[in-house]
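Each structure below is given as structure tokens.
Okay, so subunit A shows up in both of these, paired with subunit B first and subunit C after.
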Partner chain A sequence: MKTITNISLSITLAVILFSGCAPKGGAGMVGYQSDVKYGDAKAVETVTADFGSTDLQTTAESLTQSLLESRYIAKAPQPPKVRLRAVNNLTYEHIDTKAITDKIRIKLLKSGQVRFLADNANLNQVKDEREFTESATANKENKAMADSDYIITGNVRSIKKANDDVKDVYYNVSLELVSPQSGEILWADEKEIRKVTSKSSVGW
Partner chain B sequence: MSPTKNILISLSLSTLLVGFYSGCTSKNIHIIGEKRVEITKHKSIQEGNFLKIMAELENDDYDETEGFVYQIEWYDKNGFIKDTTPWKAITIHKNQKVQIVEMTNIPDIIDYKIIVSVPNK
Partner chain C sequence: MINSLLKVTFRIIFFSSLLLNASVLTTNQLHSGLWLNNFQTTLATLASDTSDDDKFWYWLNLARLQQANGDFTSSIQSFERAYAILDEYENRATISLRNIGSFLGSSLMSKGSETYYGKGYERTSMHTLNALNYLMLGNFESAAVEMRRMEQRQKFWLQESTDKIKEAAKKREEARQKGSDTSRIPQNYSLASMLEDEDIRALVNNYQDPFSYTLSSIILDISGQSAASGNSAEISLKRALALNPDVSKVFVTLPDLTPKMDVTVIVLSGIAPAMKIEKIRFPIFYGANYTSIDLPSYTLPKNDINMVAITTDQLKLQPPRLLKTDLMAYKTLKDELPGELAKSVVRATTKAIAAKQASDHFGNLGGLVASLVFDVGSSYADSGFRNWEMMPNSGYIAKFEAIKNSTVNIKLNNTQESFVLPSDKKGTIVLITYLTPDNIRIDHVTY
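Our next item is the complex of A and B:
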């Protein structure tokens, strides 16, 4: 009888011990009970009025749609070669404008309507592009790399206003499709964003 | 069969047909949360390689401005979800209708679903 009791106690202890060691949550989960949780990457984010993930996503979405509808892309006999140039941040806050253009590039590449040439961060003006093309003409390999049908440039601007109760932020992201040969602006569009913050609810 | 009975049967059949067709169109719509927003009409067209949709949304809550978010899911011919738009915030004032237009940026999309999420008051 004593042996049975000892065995039962041992089993109970073992169960308690091992269940204590088992990680919370389940297979494939670490830190299940922590405060860190995964959220919807495409959810509307309104934590602050600064330029955020939602603005990045909606701007890229809207401008890509507009560009795909432009006749220079939609009616092109074959996908044109495009080079993304710098989008200037003319606001007072830090905005990673390359994140906007990278997102647009991914969307355009997925569309199959556009081919992209590698960026050249040092060349950020239409004039530079033309000079580069001309200087590379002598070398066939360089010429293939340099001959873009179009370049995409743009600006991000913001206007901020505030009084005792309300803070208003207006963002304007504009993009242009430019012919590097003629310097002609063939397509342009903008995405406007307005964010209003009640001062009582958010400290700033 | 009396004329009154005929009319009643016709009316019943018409109601059934209306119910059937409205059930068919609603497969493209999903409203999450309180039903204070109504999608009054929606349609799609093929724009080159891309599917473009238009939807008209109406604020059913006639007392207040309505702030909600919507997202479009894009489906291929096999019924697989290929892409989604980011959730987009939109405001509709009372007694107002708003038209939204979205276009997929990947080819071979043949169907869509408009998802509207209405915040709880």
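Our next item is the complex of A and C:
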């Protein structure tokens, strides 16, 4: 009986030791079992209450659709030339607002209803746009590049509230379609997002 | 010759002490390691030391030294690690086993059993300093995010402070029922008179500083976000002025100057007071045994300057000291002392009862051994109780107009530094970090 126990213990020990020496994978280990897996890029993400991929997607989807339905785009005799300016991040998070504008640009371009001019994302005010247009008008080659029918600007804002049990974060993403000549805001819409996280009652 | 020998000897002693204590840099080692000759070694040792990487203060100390070394990207990452630790603490379950354990330990055994999550002034200043990192990288939008976070962070501190005040009142009542007076500060307590200082009394509160709000106003203005966020730059400036009227001296305009540009000079100097736990021992039961009251306390700030003077061909100004970390630390301590005193009396009583029981069972020697065991045990726990020791002690801001391509001279006590302004920019922000008289760094960004 004692011998059987000793043999069993030896086998167990050997298995543990050998498994400890097993390779952990690396370059060229195609098909090696690991924790990495593909996920659905469109799946709802609720890892934290921060501005995430789902918020980015729903915001871009909703605001693009609204813009395309506006009469300045839908009823334009020919696709207008648009310049997409930066969206200001006015939240408490380091949000990459370029990701929002890039997504909106792609969706608008795919619709075929607008034409985009190369943008300078660092200039974010209508005044800059007007100065740019005026200075470029002197040069005919630059004029075509600078003359936009409309510019799109926007803001992302957030309001955070918390008490002992609940944390509430409200995001508001707004876009505006502005005439660079008159400064008139022709269209504006917003997407609101609210995220609520609750503290567990008892925990580590 | 003698000086060189002394320097070499000092460096050998310094490096030897680092090698002997390779795992953890003590407060004293950090302080002595800020001089230019030792700074890179200190920073490398601190960065490679992972033994305290679950501590809030470790990441703050590292972030500050990385910033002082001009490594703004690494400093941002370190600040983010500190935020993560604080966020986890702030979002714990309503009934958290860790909080209960820490509370019981600090109530019954020693102050050092508490995990340190920073005081209000540290929690707000970490965002202010991180905003400076983003500024120096030319990322004004992210700098503005940090300034908004600075304000947001204050809300949790206020809630925590309110809870502490309630808890202190409860402890005081418990102590009173047991016949202990917790209303008087012990005479032997080293900071007893300093806490009554007029400058400390004059502070509006222990977590809001005019330096952060002035900087916030400048950042929001430069980033072009003020109008989009309800004139937030003006609101920040009003708050700064309410905290310290000297903020009005920060801004100097010279209308007739041409071609001119905006120059913002920010000076961070000195090292904040380091936290320590002070034991006031007293005998009990005819002197055979003893117990102690242990109270949080602070060392004095180090390496600070007392004067910043800026001169150009057109102006001469002395920016006001807006960040006063030492005063905020003392103000926090003053506000929290009634609660700390009540808790320390409860701890002293617990230890005294245990010593008495040991004395009853094993005689006077048993009581003395019990007293010693408690003393040594709590001293060990207290030695790991540290705050953001590398936080700057002072902060100065000046925003003025100057002619492009001209020279700006800055005097920090007796040390003079100069730099030439660019000729083709709208403005520049200059960050001067003064760690020691020989370790001064100047960084700038233009816009």
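Heads up, the rule we're going with is that the second predicted complex is superposed on the first by the 168 of 204 C-alpha atoms of A that agree within 3 Å, B and C clash if a C-alpha of one lies under 4 Å from a C-alpha of the other, contacts with A are read in each partner's own complex, and residues count from 1 in each chain.
Assume a contact is a pair of C-beta atoms (placed from the backbone, for glycine too) under 8 Å apart; a residue touches a chain by one contact, two chains touch by 3 or more.
On a predicted model such as this, the values are computed, not experimentally measured, just so you know.
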Item to check | Touching partner for A:Asp164 - first (subunit B), second (subunit C), both, neither | outcome: second
Checklist entry - Is A:Leu108 contacted by the first partner subunit B, the second partner subunit C, both or neither? => result first
Checklist entry - After superposition on the shared chain, which partner residues are touched by A:Asn172: those of subunit B (first), subunit C (second), both, or neither? => result neither
Checklist entry - Given the touch rule stated above, what does A:Gln181 touch, subunit B (first), subunit C (second), both, or neither? => result neither
Checklist entry - Does the superposition put A:Glu69 against subunit B (first), subunit C (second), both, or neither? => result first
Item to check | subunit A partner contacts - residues on subunit B that touch it in the complex | outcome: 47-50, 69, 71, 84-89, 102-103, 105-107
Checklist outcome for this item: subunit C partner, complex, touching residues on subunit A are 88-94, 97, 124-125, 155, 157, 160, 162, 164-165, 167, 197, 199-204
Checklist outcome for this item: subunit A contacts subunit B in the complex at 40, 42-44, 46, 54, 57-58, 61, 64-65, 68-69, 74, 107-108, 110-113
Item to check | Interface residues, subunit C side, partner subunit A - complex | outcome: 91-98, 141-142, 144-145, 148-149, 152, 155-156, 159, 224-225, 228-229
